[in-house]
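Here chain A shows up in two complexes: once beside chain B, once beside chain C.
Here is the complex of A and B:
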């Protein structure tokens, strides 16, 4: 036990070092990408040419890439993400992103849960429902933006037709995606968990996991004794499912950028899109850093879960799975 | 499976979801859509039309336009222009209050002008006060403004919005000032809140000195233009500032929507980079103009008027003696041959090189894609290979404005009431990124800038129109008919062609 504890501590330390290096790398990458993109936030101002001498100094744009990156690291070490330059000029980045990031992470998490649950349901059913869900899985390959447009337009047109014909009164959620409503949020989460092949891939992965567990000795032995096997299935499915969750988080976060724009959701994805268009370096860096931190933290948690379930795995092995 | 309690709970929840909210018409907000929410509500830092429009509701200037587009006092009550035209004394209204209850005074005028002039402020509107030499407070409601040069109609240039001096320190306004979170103006609507869905709510200012009938206004960000017209048709918004041409027929057929046409001082053009070898030859430029069928380009995107020069047809500066060119392929071919080109494999070729150009446009310019695709086909059929490029705003500013790195651009210029084309066509103009130079045009534009007699300015600019048209630095395309669309619930609507909300204090919701 003592040997495992010291092993966890030393491996945790190496994971932390790798995580720090990853964050530094993410910061460098986004700073470089933004620097390389043509134009800067001063270019977007009507009289940018005349304001450039002043604003370059104020916004630190007169400095070289390496100087700016170093300044960014120093600020970050003090917990300062800087000030928005062009999306919400003058506003502190932390203040600007706090609520949207929380919303986006919640939506991404719920979308992931949706995908997993739908995937589990598809393998737990039989007959017509199973075939229907199989077809649904194939339909889920539709790209997210296309699925969103189709869903929103279809729901709106049907609802408007019903309102115009007098069948129903105007519901609170109408018209998508303008009105803030539970329907809008649920639909967005469902589409994120469903479209762009998410459901299909989850289903396929869960089938592989199920088959592997089903054919394992302990499950076959349990089944031969006439005992229920679902506990074994769940317990042994958690490590590979945790690895899948960690591997797919970046995809969900990336999907949010599209989804939030289409659904007019005020999340971090839409904010990142606006920051890139507006060349708001501080805002884009801050958001990238927060997302990168989230991915690292979830990987660490998944690793610890896997390690707890199967101490034979090393932390570094689990975190790289 | 579900208990009765759960079933009842779900039933009540669904009723809550479906039942519409009912409010009285007078308390309903006027909801309008913008492509992008204002980044900052402070008129001296405005960078977009969405910011200019919301500023129109919250802030006021010393003067503004009446519905005939004549200048009238707003925060000013009256003014006296000195005989030498080098200064004016403005007497301000005494019944104006800021939204936070403070009195509006001459100090606010002085502060606003000084803050805009102050380089530390880095105001995007600093150009509006460069002509002012000094501003002096003569009393709590009297201010004297002196000018650098004689001004014959200074009130036309004093329409910028006034800021409250008591909410800033010194003569500097900063983007980080907490004013950005709670903007305060003197207008009929006052700032209420930034909402979590990126909308902005305004409410009626109860102590407004004039009349205002709208109780609330809500700005909604709807970044997808495809949705905007639909949302108006659904009744989810009440006003659309500009209707896309493809949505006109749908909204026209809708009984709950009314279309409002308005004239803007904006025109589309194809601009050459005069430093590119193909563009240096006037025969090539003239030939290209004869190859472009502007009617065919305009038809799919809307209606409008073809132009022959850098003004809209209704402008007093437009020279109606300069006719618009019509497509003429044979004449174009003759000009290309005179320029040394020959048709080889149906491609105009010179020195073994087929003529190939890249047309660049902005990604967010409405209908630009349709125009550029059709233009590409037109020119390809006449022997010119056309590549296309689309830039976002920042790229456009950097590569086109900053580096002049283009062959031909498809773009649009929008002008305010002054229609000042100096920056676009003077050889030293900051927006002359096509590198057009003509000393005669420079002289004419200098004369127009310094002209005090409106007739002199008019004839000078009409001559400039003629001279520029003869040089072909651009193919002047058209001015598009513009329409706003509002719900029929909104009454007494008159729209300002540039700022939209200038006369919104008379609007009301039924």
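Here is the complex of A and C:
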């Protein structure tokens, strides 16, 4: 099962090469979008008209697309995402986004774990509880902003009613103040894991995976011998779950933008929203590239896990994971 | 039978929203945007079926005009996604060679960028208009649609009935487009068109709710109707319940249609 042979090594190397090529492709795609956009960052400066001849040369805006592609690849190899023009003008984008990106990726990961746990909880239920959880799964299809809006306003209305009636004193989380709050963060993570169809999709997929493994020959044979089957479940569930993680991680990253804006969390999503509004091209494109890189890395890890667990997993499947 | 009724109800609701959107082309915008300070937060009456909101505007008329915000962008997104995804995915799935490798590479690249992030970037670069939003959503959804078509065509190309059609003298182009894409893949295409409709509805509502992008006040959108009505529920709760219910109903309808197509 864990034996590493030359075929696995060569396939793993191929997967890494494909991931690197995909990252280069994503960089060039984003650069093409920037090149094709009407106007440029100089338009945003108050004295842009007078500085245009100098800034065009300095920022490389007078170059052809192929030259800009080459510059983008050189900067990518150095980890240079450019400088921000709006948040703190002149500050290196990577320095600006490093901490928010770490926070956002942690929240996205926790939200995904929440979805998986909630999905797993529904597997073992039967009867009325199963039907109730099915209805809950349907309700989870509600758009993320709507679920957030209803949750926040309901909590606020109930809390305000309790405060007005004298039952409780004003709690720290009431009306979601601007200071950091664990309640806000936890609520945001829960909503990201629950709403926008995340719970529903995870639940349906986990049920499909469970049924497929449950009715497989090796599990039935193991069960008939009276041996525990959980190892078989776990071992055979990991590859499809890894594929599911890869498929759904972009949705969680997109949902983060909405949640961080609504909950006033200081993450990469809120930074991206503000950068897009301010048309800070370097910051917005830098964050987009970081998100794309994270998806590529997740795919790479999932492919390597699948290759390790199932050495018969072909290269075409690994590259399409 | 209950499934059939749900499916029928879903189609009726979506059809109704499309008809309302088309109807608003010939109606006066003042029906939705006209304020009346003497009729703030009025409950439903025979002349105003859902009452008025905090600015005295008719909630029913605003709901009608709100359909325009997502129906036409949804139709444009469907056209863009189909135009981009169908030809390349069908050809890559049917033929081997450089086209398949090129398609797999492009699919791998475009699908790494989260959809909402891509849409935000495009809106920032190209302007926050409804047409740009629709095109951005269409392009963002292309990898999903193309992957489904590619898989289906790739599976079907080696089936016996395709070989039989080939031996009967049908050309590869006819087999691919007429038999495989238009007939055998029609269920898959319908499922994804329903998903695109729901996605445009959700994204447009989200952007107008968050502000700055999407349809902004005073023009109605389900998102901004929900945002601006919640705090004014004293007097007419329908001002936020109605758009919220319509939004959920449309999302569930699209989900029902998509799920049924998947089951077929």
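Keep this in mind: the second predicted complex is superposed on the first by the 265 of 321 C-alpha atoms of A that agree within 3 Å, B and C clash if a C-alpha of one lies under 4 Å from a C-alpha of the other, contacts with A are read in each partner's own complex, and residues count from 1 in each chain.
The rule is simple: contacts are C-beta pairs under 8 Å (C-beta built on N, C-alpha and C of every residue); 3 or more make two chains touch, one makes a residue touch a chain.
Model, not experiment: these values are computed from the prediction.
Once the two complexes are overlaid on the shared chain, A:279 sits against chain B and chain C alike.
Of the two partner chains placed around the shared chain by superposition, chain C is the only one that A:142 touches, whereas chain B remains out of contact. Using the contact criterion defined above for the overlaid structures, shared-chain residue A:172 touches chain B, although it does not reach chain C. In the superposition on chain A, contact of A:292 is made with chain C only, not with chain B. Using the contact criterion defined above for the overlaid structures, shared-chain residue A:217 touches neither chain B nor chain C, since it reaches no partner.
Once the two complexes are overlaid on the shared chain, A:160 sits against chain B while remaining clear of chain C. Within the superposed three-chain model, A:18 lies in touch with chain C and out of touch with chain B [touch as defined at top].
Legend: residue contacts after superposition of the two complexes on their common chain; A:261 is shown touching both chain B and chain C.
Contacts of A:49 after superposition: chain B is touched, whereas chain C is not reached.
Once both structures are placed on chain A, chain A residues 37-38, 261-262, 277, 279 are touched by chain B and, in the other complex, by chain C. Residues of chain C that touch chain A in their complex: 104-106, 108-118, 120-127, 202, 205-206, 209-210, 212, 223, 226-227, 230, 244, 247-248, 251-252, 255.
On the chain A side of its complex with chain C, the touching residues are 18, 21-22, 25-26, 29-30, 33-34, 37-38, 138, 141-146, 149-150, 153, 196-197, 250-251, 253-255, 257-258, 261-262, 272-273, 275-277, 279, 281, 284-285, 287-288, 291-292, 295-296, 299, 319-320. The touching residues of chain B, counted against chain A in their complex, run 16-21, 36, 39-40, 45, 47, 119-120, 122, 124, 126-127, 174-177, 180, 196-198, 220-224, 227, 230-231, 234-237, 391-399, 401-402, 430.
On the chain A side of its complex with chain B, the touching residues are 37-41, 43-51, 54-55, 58, 83, 86-91, 99, 156, 160, 168-175, 177-183, 261-262, 264, 266, 274, 277-279.
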